[in-house]
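Chain lettering (A, B, C and D) follows the sequence in which the chains are written, and residue indices restart at 1 in each chain.
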Amino acid sequence: MNSETLIPHAVVVDEVRADTPDVKTFRILTREGGKPFDHIPGQCAMISVPGVGEGMFSITSSPTDEAYMEFSIKKCGHLTNWLHALEPGMEVTVRGPYGRPFPVEDELRGKDLLFIAGGIGLAPLRSVIRYVRDRRENYGDVQIVYGARSKEDLVDYEEILTEWMSAPGFTVNLTIDRAEEGWDGHVGFVPNYVTELNPDLAKTVLVCGPPIMIKFTVKGLSDLGFKPEQIYTTMELRMKCGVGKCGRCNIGSKYVCKDGPVFRFDELGELPDEY
Amino acid sequence: MRNKLVERAKELLADGTVTRVIGWKRGEFSYDVTPAVFETAEELEKDFVYDGFCGANVSKYLIRESAKEGKILAFLKPCDAFSFNQLLAEHRIRRENVYAVGIPCEGMADIGKIRSAGIDGVTGIREEGEEFVLSTLYGEERIAKKDALAERCLVCKSKRHPVYDELIGEEGEDLPDDARFEAVDKLEKMTAEERFQFWRGELSRCIRCNACRNVCPACTCENCVFDNPDSGLSQKAAADPFEESMYHIIRAFHVAGRCTDCGECSRVCPENIPLHLLNRKFIKDIDELYGAYRAGENAENKNPLVSFREEDAEPSVVHERGRA
Amino acid sequence: MLYLKAEKLDAFLARAAETRKLYVPVDSEPGRSSYREWTPGTAVSRGLHTTRSAKDFFFPQTENLAGFRVEDKKIRVIDPRAETEDFAVFGVRACDARSFGILDKVFLADPVDTYYENRRRHGLILSMSCRRPAETCFCKNFGIDAAEPEGDVRFTDDGDGWYLEALTEAGKAFLDPLADLCEDRDPAGAEAAKEKTREIVDRLPLNDLPVGKFGGGKTKELFDRPEWAELSEACIGCGTCTFVCPTCQCYDIRDFDTGREIRRFRCWDSCMYSDFTKMAGGNPRLTQKERFRQRFMHKLVYFPENNGGEFGCVGCGRCLASCPIHMHIVKVMKRLGEDENEQ
Amino acid sequence: MQVNEQTGFVPTIVAFCCNWCSYAGADLSGTNRLQYPANVKIIRVPCSCRVNPMFILRAFGRGADGVILCGCHPGDCHYTTGNYYTRRRMTLLCSMLDYLGIERKRTRVEWVSAAEGAKFAKTMRSFAEEIAALGPNRRLEDLRVRKSEPEGRVPDAE
């Protein structure tokens, strides 16, 4: 019988990193030690703990990370509580990849890129950022504006400091919501920071974060003169199948799991406001 | 009667006593009325109906409606009034926001019964004395009203309104209960094996649409245990016969002592499962073991499941049954 | 043309049941029927519709998707799939016969749902023309001809028996060995029976729904219409309409621990349920208005938009017959189809 | 171990015991070396009133052949009145199960105080015998949970 997308594969949790008090990054390998499958930045996969449930998560490693696959997951519900209890060597199941990726080999090529993320919203963008860093010749300048509630809530902080800040052509602007000891960087909300930074209008924007942050950021960008066609985001709704059949993640006639999760803002503008 | 209700509703809207009216709205055919809120005299004139097919109990909607600004006029049949009163007892309705008008009920017809009498393609119905005259796609048919009455109405518990602000028509009386428990009696007299087969046959048809629960004026939890993923019970489909039994026992149990026997659960069941027989069993047991009790009788009564007497029967009373 | 007399039906079904499982509609009480496996002596219902649709045969209410055994930290994934046995469904009306095509557009689209595909490949549809449509029927609005249902073999009912016609290769392979139970008759009789059905269909009360007001590309016009509030006002949020509907196909995936293994199964779900889109972080459809709107927008706008204009409704009328509050697609279409200036 | 001699059937029995009386009673029967069947699985609850009808049903669903609920004697509830409510609730539940054709003997309620170790052991023995005689629960079981092992497999002794 044919292979069935709804039947997952068992994979091994190779490494667990605690990024923030409520975000952990899981490195996943097949039992043979390889990568479970290939993907393009922006795509997702279904991870499950049998008996607990299944959930859709962004793949946060880059296709250029050839040896492994990573997921950064925030603890916020039943399944993610279980995932956070995982230890290296334990197994979960995974199926995918699902969804439409960021157009890294099409529209984004050769462009100056502006990444804007809030909190765990960095997870889906990390895949693109790492990809762009590893394929540096194909893209223009990269600016990353990233904010979180506090310093300890900045996901991938180590990686940002050690790898991203020093990458050629990369500018990283960090901000936290409230001032705290040991932080001499910017303080304030992401949307305002973006407006302050007044980015160049030629940039292509990739934004992800809490809905309210996205809303104000995009408003700020459009006030600055950015067009919806220049802005990409990635969506999240409740999903079960991942392949556009179970019928719950639609916004109008589009299914987030299949037609998304990556949407351009002009496309979103065509859809009803129900997300 | 319909015109009388519309006239009165228009008066109460006009003099500002109420801002909205909840009743029943005309459908495509004569039998498919929908509960609806009317805000103007024109809407009432155009679409309000009250006839032998307005079985839907509107009391549950008052939870939501009474939470809104302004007073709503509710036309309550005796059944609806019992449910309304029970909801008042449970503090689910803001009484001050409801103007309750008791209306008489001659019993409600059940289109399912008309269909099972072999009359199909019904496009219109009118009342003529003791008969319904039905226009159908295949000619005119007649059926005696009593043959079209819903089971719950054939064994009507009361024509009285336990609560109202105003009454239209004459107040009715409680009716003898004997007939109401006949079917329960009959089941009790069967052997356990027969009962098991009977209920398996009925409950195995359940499609778990939750209509019985959602329509029930006593089922008013904000988050039902069957919808709560943490309860371990929230399966959406009965994947096993056990889950069918479980769901129906728990559904009936959760309304035990609060169920007014309005019969909505059975009315809405797409598979025509006699769910009211579960509720009535609890009512009968409560009456027999803890003294006659009628949910919705008044808003001060204490639910028999949250009260007790020291001399209550022991659970073993069930084991002793039928031994003699 | 082959003709099967009513008194020969039992012999016909008995022979058909020799090679495959055969399901027929059976009256469970007067005026109410459901599909049962045919066994000798089974009385076939002459009623119009089964309470539940025939979608169960291809998309059952629950089915196992996968199994898991956890052995020393290792997860063994079990594939429960097996080839389905051949089966046939008898007495499928035109509306239900069309519904399979609609389900195909979902389940057979890439990536193919192999559970569904397996059943579909093994299931034979023996469809039947309608002789006594109900007042709730409105299939004509969706271009369905109750006199000429799709399927593998078409049975055209003339009251005394059926004209038989194989419409597919599989249907022909099924029908040929049964031809000796039939007689040969002039196809004119079949045409006459069809005309009779069409005459009745033409005077059905719900033939003139404003279908043209719906379809792909109408999201903007319809989504924010104020009428949704009043239409959904009385909706009790049950799943009756969804579960009796032949084209509703949304499902949930859940795990059940049997004590020995975890069974991952899917079951029908309903967009009318409050937890349908509920996430740990919120719910995009907070009130019944949004859920109600989703169901009808899906059938009348989103589905046609994604599927070449085909509506996600076949007009079988089951929801009209079973909605607890009688608020259904016909009322929705009529209300939203009213011209703005008529209001 | 209560075994049906003819069929070799060993029932699974779930006993919900209130913390203050019946669980202490079970404890006492243990310290007094009074035997009660090993196939009785005790679940401790703070009060018999904590037991929701769903607990009983789920016990059956998950493979119990008999369910017994033990609490303080009426009037002796640690929380004053809890067991009075239990009594009404369980009477109605037992009656409902009977009404659905589920063998009425499979569910039982007993009052056992902390001093009644002997009564606890005796009650459990008699209940286990009764269930062993009754055979496996087939009317209120979840088929998915049914043990695949041959029936009558003797669990490890105490």
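Everything that follows uses one rule, which is that a contact is a pair of C-beta atoms (placed from the backbone, for glycine too) under 8 Å apart; a residue touches a chain by one contact, two chains touch by 3 or more.
Please read all numbers here as calculations on a predicted model, not as lab measurements.
Here C-D and B-D were compared by C-beta pairs in contact; the pair with more is B-D.
When each chain is reduced to the mean of its CA atoms, the one lying nearest the mean of all protein CA atoms is C.
Look at where the CA atoms of chain C average out and do the same for chain D: the two points lie 46 Å apart.
With each centre defined as the average position of its C-alpha atoms, the distance from chain A to chain D rounds to 52 Å.
Centre-to-centre spacing of chain B and chain D amounts to 37 Å, using the average Cα coordinate of each chain. Annotation for chain B: residues touching 2 or more other chains are 229, 239. Chain contacts: chain A has residues 78 touching two or more partner chains. In chain D, the residues that reach two or more other chains under the touch definition are 144.
Residues of chain C that touch chain D in their complex: 256, 258-260, 263. The touching residues of chain C, when paired with chain A in their complex, are 65-66, 68, 70, 73-77, 79, 81, 83, 106-107, 109, 111-115, 117-118, 216, 219-220, 223-224, 249-255, 257, 262, 264, 266, 269, 271, 276-281, 284-285, 290, 294, 297-298, 301-303, 305-306.
Residues 53-54, 57-58, 60-61, 74-75, 81, 84-85, 87-105, 108-109, 139-144 of chain D touch chain B in their complex.
Within the complex formed with chain C, the residues of chain A that make contact are 1-10, 48, 50-54, 76-78, 80, 89-93, 236-238, 240-241, 243-253, 271-272, 274-275. Those residues of chain B whose C-beta lies close enough to touch chain C in the complex are 27-29, 32-37, 56, 61, 112, 115-118, 120-123, 136-138, 205, 207-211, 213-215, 227, 229, 234-239, 267-268, 270-272.
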